[in-house]
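Common to both upcoming complexes is subunit A, partnered first by subunit B, then by subunit C.
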Partner chain A sequence: MIDYPLLIFRVLVFPGFTFILLFTMFCDWVERKVEARMQNRMGPSFTGPHGILQPIADFIKMLTKEEITPCDSKRNVYKYAPILALSVLVFAMAFLPIDGSSVIPGVSFAGDLIFVMALVSVANFMLFLAGWSSTNPYSAIGAARVMTQFLGYDIPLVLLALVPAFLAKSLTISTIVASQWLPFAILAPWAFVLFIITMQAELEKDPFDVPHAESEVVAGHETEYSGGKLAFLKLARDVQIVFGAALITVLFLGGANGPVPFGFLPELWGTLWFVLKVLVIVVLSEYLTVLFARLRIDQVVRVNWQFILPLTVLSLILTLSLAYWVYPMV
Partner chain B sequence: MPSNGIDILKILEDKLQNKPVQIVPGTLGTAAIITKSGSHRDVFQILVDADEKTAVVSITGIDLGENLGVYYHVRTSNALLTIQIEVPKANPTLASVNDITPSAAFHELEVTDLIGAVFEGNPSSGHFVLPDTWPEGVYPLRKDVNACEVKLDPPAAEEKSDDGKLVKIVIGPQHPALLEPEKFVVLVEGETVREVRPRIGYVHRGIEKASESRTYLQDVYLVERICGICNSCHACAFVESVEKILKLEVPPRAKYLRTIILELNRLHSHLLTLGHAGLEIGYETLFQYFWRDREPIMDITEILTGNRVISSSMTVGGVRRDLKETDIPKVKAVLSGLKKRLPFYVKVYREEPTIGLRMQKVGTLKRENALKLGVVGPVARGSGVDIDVRKDAPYEAYGEIPFKVITYDAGDTWARMNVRMDEVEESINIIEYALDHLPEGPFRVRAPRVVPAGEVVNRVEAPRGELFYYVKSNGTAFPDRVKVRTPTFANIPAFLTTAVGEPLADVPPNFVSLDPCFSCTDR
Partner chain C sequence: MTNLAMWARLKSPWVIHFNSGACNGCDIEVVALLTPRYDVERFGIKLEPSPRHADVLLVTGSVTKQCADRLKRIYDQMPQPKFVVAIGACACSGGVFQGTYGTLGGVDKVLPVNAYIPGCPPRPEAIIDGVVKLLNALAAPPAPPKASEEEAATEAPAEEVTEVPAETAPDAPEEVKKDAE
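After this line comes the complex of A and B, so read on.
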């Protein structure tokens, strides 16, 4: 028997759509504020306390702006790519146990980790399509770079996602979370560090933000977008960042598991721990962004094939051998 | 004047005995060499053979009534020569020296466009500085041109040129990598640059022409507006030229005050570029840090001159404002604060791995090419050419202040930026020395409004390199001709050659390492 009101509440309000979007906006604000303070700037300051409402204000402002569709663009693709990218990412978020269980109760199935990773690929492909369909030379180069980068870094990302799967002996996200009484980041720190670096490339953040290197390709795949479509494209990107951080939290930091179990309102405490862990990852990723200059596209590709991929394979072997011989003894 | 032992005038005299060449020492630089069209190629050949540092600084085209004067201003390692040629207006052709010294190429194109002298062997393809709609056969710097009567051509449709397999990528006039409008057509094969075609003139304001209709005092503020960043250098170069014609001695205190203002200009210009380079390679943090530390420099410029950016402090005969004794500690405090932060920035530029990846071996300009192209300033010094007007021909108080000329041998973007990084420290030292040794006395003398007839050349080391002025006076309150050669104009050829064969992504960092200023270039 399905409890429909609860299901609708979970999907639309908490921890579903509304919560994810508000949390994304909040993470965006944290990112902007942290980056600004690291760079000796103020960051958003005036909209709401400490500018906390600024991302929402930006979103609403962009919705009110004129939308221009280039004549040569593939209209349908151009129109729907941003919304599809956003929906795919939000859908992928629904599989992550934000408050201890996944958004839709019972949606979790054996092997859903593979499915979620596939959704990430689809979302990235949507961003590529968004750039490609606008038939602008800058967008085309930007889109091609999205593809080049993503094709390279998806391999180590999926391989590294297997490390927690091996340690938990399961491809199910909820099982992986449940088996982390000790976070996998402590059991396999090498994989954790590599995963963060790969995720940085996957999310196109410094030093891997070549797809939108403004001094070369203006705004990359976003160049032609304006108004509401741009708002959704930007929101999709922000959700992607939160999703990346959430994935790291789930796979390596034990998701909603807290260090101290609390008896009352486990959902609330679970969400709190989850949000805190995601924020830590967001700040860490922002720290890396602030710290480095942007690499060139050939350097980005070379870093992947020469360093990240061999190290990934090594860390996989190391984790497997440890999981077989050492960890069972602990 | 430091000398490497080459007495260029003696060599010229020896080798040019039976040629129609007249050498007049002491005018227009070290000497003026008056010659005829044709013989000037011999002079250039001798100069290039005798001295590796021979380069064309600038070419002044001047309307002399019946004739057009074409004055090649040539720099050797220890002299500044002016080779004067006159060609009839009816047939203003002379042979190009482009093949002897490639540094002449850009300047010859400019003279062709603005005054109509034709250089055989350096064909111009359309307008170079003037807009595309400017009519053929009208040359704005000739005296008989009335701006009100010039009728512009209708804009022509953009021609489709076929470049085979090469893809045309247009950088500019509007592009995020360029802060000012200028167009560079980059032909790429895959990601590799095969050719760069420049088109300058998007911010040509005709300042050289406009200065002919204003008094000398008004011109000080006009030339100051050629460039916002190195404004004091322009004003200083111009007032020095006028003082040279007037034979006016500037009081020592004014010399020191001018030096301080010029160095503050250099400081804030270098900090701006060092930060901007960070932006071009996606290093926003570096940009924010540098620009934050640039801010106090603007504040002390305000203490000194009353203005943050366009300082308007130079005037014929001295400076317009004295430095108060009580302000000296404030200036010093800011400078020592900046000096404390410098080692950190130096470390970042030298050791940060991603900066190394994006800047090292990018846009490498070899020493021999730097000499051949006649590049100036930090670009030349980054390629191991130790030219610096402050040392080579000291002006203001630079002769009395000890400082080092920074050179790096690598010749790449990284070396050019590090030259600037080290020069920041030298600049601070110069200002501190000047403040400690500030002479007592008046800070300006009265200068007559009417300037006697005469012509001079003058050079100043602007933040971007050697800034060249030629001023001719005809005895009235208005100058007859003011010619400005800005450092970026001399450095653009370096970018055109170094960008070829490198990835497209290296174009922005390579370009920004010249510290390009297009309002300077176009005037």
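After this line comes the complex of A and C, so read on.
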């Protein structure tokens, strides 16, 4: 028997839609603050305490602006691509065990890791469609770059996501989390580092942010968007960043497992550890973003095919060998 | 709801910068706003690359005839509600280029200007003050312009905020349309 009120609460409030959106806004604020402090600035300061409401103010302001649809655009795709990108990413978040179990109880199934990785691809394709349908030269170039980058970096990303799967001998996310009494980041640090680099490329952050390089292609695939559609497009990007950090947390850092088990309120402690780990990854990712300059698009592609992909295959072979011959003996 | 929208609008004015034939002096001062010393992101002000994302158009330079229709087009590409800030003596009135054959002399010949920030170039503090005055003018209920405002303009740094209803954008003068061809 399904407990419907609990189900609705979990999907809509915690740890579902509302929690994910508010957490995304919070992570956006953390990113802007970290970036500002690294550049010796203050960052948002006067919107709420320490500017913590800045992403919410931006979001509401964009919602109240006029929406412009270019007359040559493919209207339906242009209209629904940002919403679909956002909803696909939030749906993918629902499979990650935020408070120890996935958002919808019992939704986890054998092989849902592959399903979640496929949802990431669909979300990226929605971002491509958003740029392509607006028929602006800058949007088209930005969209083509999204696609070029994503086609290259999706292969190492999926291969590296298989490393925890091999270590846990399962493709189920909940099993992967449950088998991490020792985080896989310690068992396979080479895959962890590669996964973070690949995730930077997948999330289009520096040094791989060529799809929306301001000095070359204005705002990339977002160029033509305004008003509410821009709000959802930007929110989808921020949710994507949180999702990437959450995926790293789940696959390599042990998800909601804490270093110290607590007997009471496991959901609360699980959420706390999960949020802390995601924040660590978000801050780390923002550090990399600020530290590195942008690569050119040809350099991005070459880095992928010449370095990341061979290293990925090597790390997969190394992990497999260790997982079958060394780790069982320890 | 309206209060919420107004709060959001005041807390996150995204700007786009357009050079309509400036000597780069004012542009450097605009860029200086983003540096750690002035850091306008404290107030939620972000420099956006695309006019579709922006709320405030910062125009520098006396508008050259080549630039006039481009400036108008950039303005038309911005979504409502939108505001124009003329930065520098050239953008306010044409400056030293006033009356020359190649320029129109002032942004208000082409666009409705919400705030004038004189100076050659204006200091970054003056630009921040001008934008803050523009935002305060938005938050306050619409009032008839007072004659006493001209007295304040004599004090340095001199900023004057002229309120123009953004919704009723007057069309460009006939000569602009003719020259822009």
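By definition in this document, the second predicted complex is superposed on the first by the 330 of 330 C-alpha atoms of A that agree within 3 Å, B and C clash if a C-alpha of one lies under 4 Å from a C-alpha of the other, contacts with A are read in each partner's own complex, and residues count from 1 in each chain.
The rule we apply is simple: a contact is a pair of C-beta atoms (placed from the backbone, for glycine too) under 8 Å apart; a residue touches a chain by one contact, two chains touch by 3 or more.
The model shown is predicted, which means the values in this text are computed figures rather than measured ones.
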In this superposition, the partner of subunit A with more touched residues, subunit B or subunit C, is C
Using the touch definition from the top, say if A:Gln54 reaches subunit B (first), subunit C (second), both or neither.
second
With both complexes overlaid on chain A, does A:Lys277 touch subunit B (first), subunit C (second), both or neither?
neither
Counting only touches as set out at the top, which of subunit B and subunit C does A:Gln299 meet: first, second, both, neither?
first
With both complexes superposed on chain A, which partner does A:Pro137 reach: first (subunit B), second (subunit C), both or neither?
first
So, A:Arg41: does it touch subunit B (first), subunit C (second), both, or neither?
both
Contacts of A:Glu214 with subunit B and subunit C, given as first, second, both or neither
both
What is the contact status of A:Arg10 with respect to subunit B (first) and subunit C (second): first, second, both, or neither?
neither
Would you mind listing the overlap between the subunit B footprint and the subunit C footprint on subunit A?
39-41, 214, 218
If we count contacts the way the header does, which residues on subunit A are in touch with subunit C in the complex?
32, 36, 39-47, 51, 53-54, 56-61, 64-68, 138, 214, 218-219, 222-227, 230
Seen from subunit B, its contact residues with subunit A in the complex are 169, 175-177, 191, 278-286, 288-289, 292, 352, 354-355, 357-358, 503-508
Can you name the residues of subunit C that touch subunit A in the complex?
4-5, 7-9, 11-12, 36, 39, 41-44, 48-50, 52-53, 55, 77, 79-81
How about subunit A: which of its residues touch subunit B in the complex?
38-41, 137, 206-207, 209-210, 213-216, 218, 290-299
